[in-house]
Amino acid sequence: MNTTFATILEIVGTLAFAISGIRLAAAKQFDWFGAYAVGLVTAIGGGTLRDVLLNATPFWMINGSYLTVTAIALIFVIIFKQYLVKLENTFFIFDTIGLALFVVVGVEKTLMFGFPFWVAIVMGTITGSVGSIIRDILINEEPLLFRKDIYALACVAGGIMFYLGEKMGFNSITNQSICGISVVAVRLLAVKFHWSLPALKDDTTNPIKD
Amino acid sequence: MNTTFATILEIVGTLAFAISGIRLAAAKQFDWFGAYAVGLVTAIGGGTLRDVLLNATPFWMINGSYLTVTAIALIFVIIFKQYLVKLENTFFIFDTIGLALFVVVGVEKTLMFGFPFWVAIVMGTITGSVGSIIRDILINEEPLLFRKDIYALACVAGGIMFYLGEKMGFNSITNQSICGISVVAVRLLAVKFHWSLPALKDDTTNPIKD
Amino acid sequence: MNTTFATILEIVGTLAFAISGIRLAAAKQFDWFGAYAVGLVTAIGGGTLRDVLLNATPFWMINGSYLTVTAIALIFVIIFKQYLVKLENTFFIFDTIGLALFVVVGVEKTLMFGFPFWVAIVMGTITGSVGSIIRDILINEEPLLFRKDIYALACVAGGIMFYLGEKMGFNSITNQSICGISVVAVRLLAVKFHWSLPALKDDTTNPIKD
């Protein structure tokens, strides 16, 4: 992938993830610092867990721009909060682009560390989705992700497409593109056609281990 | 320990832990993906934290069977959910076996990394109990473990028995067996005789740091 | 810093952090084990995350005194719980001293690992504040920190003062003192004059990413 283009996408994705965290923190009336912290964790949480599991130095400790982008996101939300509702669709697109890029980065970095492809798919999914899980834990809500599967499943689908591309002998840029486009496509289609996995109901009153 | 036998116990334990997570996720009406994620984290969360603290590659990144076993657990719960209540006792036994094995593995691996015994006992307890703490955080409940001490205390007891066995010069297999049997015994006795630690009450209205 | 003096401050800080965790656990009627676990995580959680991110062996795995101090904190709360309310001010001072020392340790250790100063400031803040965030997650409350910014901002201020001291060519002991005193000063002034950051309100009903 062209480096400048990838950097722009990464900033767009980080910005979208951070804004999502900051806005949910705002709904809980967190103060500026709390909102910044939740935004930052939403943006970098998934990649940080990935790097800890890979035993790599967390990416944001090497490049300060993630902290800066989150600060910009905070200022943006403070100034424009009245107008944000009208931008939902724009945010959704940015967020989906960010998700796609996060998955691509997660899959690639894991392969670079010599792990097999199934680990890379798990890591792509962790990179894309754990940030929003930690966000929901911090604001003390049940992770929405666990009721809205297609978000995480889009990550899994992207990872699998990356794998298939590699199996077919495509080059690296092609595989990255296939992966990213698959994430975007699955998510857009899922939202458009209201795809969702069934909920698992259990009427047992006394779950086992407790 | 005989490797085949240990592997069977490990699968049984992983299955029991995963089922416990999946059933609690079902009670919250998470979808299939959410239930799978909660089940997986319940099964591998403790060992993952242990491995991160030991600076080891997380065990499930080297061996894909944990992801597969969790998938089997999910399918099992989806198909048989009506009948699971009748199996409570079976689950309880499986879960206790799993707990015992997780503690044995946690203690051993920590010793193998050259840490002293008190660290190994802490790691055995983390391996056995942190999965269910993360599970409860994900479903947004107070960790039940913190009100049902004997679960974690059984891990501590097992670790101490391992230590005493080593002090007495027993061989490795004997110490593992003593440790595992102690975990099972303490937990069964605690449930049978309703052992529990006192709750700590504090009527202070204005706790210090907040 | 004089080693004996630093050790005394570290014990005081650990004790204060552990007591804060134990008391909040008591308010939720956790049992003794649960209270111990919450106290321990409050005291060592921030430093543990710092060490994992730095890829260092977590500090408490090398020195058992943190587990012992937490046990002393538990016994203290069990015996004296009726009288603790009257000690609020003492606790507050201890807690603030602990916070200051944790920030100093966090900044120094990060610099020792060769990271730039902005990473050290983040790590100082993580060392000082993440323990109480995990504490609040475990007792299933929204992290208070996110509404009481000055706590975390005091860490940031201390880190920045350390940086300025280094820029001015002061020696290590001076910088540590400047950092620690800044943390204490900002926190005391913030409490005395009710400083706080504005809360971020967002009346949007449909936050973006969910």
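Going in written order, the chains are labelled A, B and C, and every chain counts its residues from 1.
Simple rule for what comes next: contacts are C-beta pairs under 8 Å (C-beta built on N, C-alpha and C of every residue); 3 or more make two chains touch, one makes a residue touch a chain.
In UniProt terms, the chains line up like this: A, B, C = Glycine transporter domain-containing protein.
Values in this document were obtained by computation on a predicted structure and should not be read as measured data.
Chain-to-chain contact here is organised exhaustively, every possible pair of chains being in touch.
Relative orientation of subunit A and subunit C, expressed as the C-alpha superposition rotation angle, is 120° to the nearest 5. Subunit A and subunit B have Cα centroids lying 29 Å from one another. Along subunit A, residues 52, 55, 137, 140, 148 each make contact with two or more other chains. The touching residues of subunit A, counted against subunit B in their complex, run 52-53, 55, 115-116, 118-119, 122, 133, 137, 140-143, 145-149, 152-153, 196-202, 204-210.
The touching residues of subunit A, when paired with subunit C in their complex, are 16-17, 19-20, 22-35, 37-38, 48, 52, 55, 57-58, 61, 64, 67, 77-78, 81, 84-85, 88, 91-92, 95, 132, 137-140, 144, 148.
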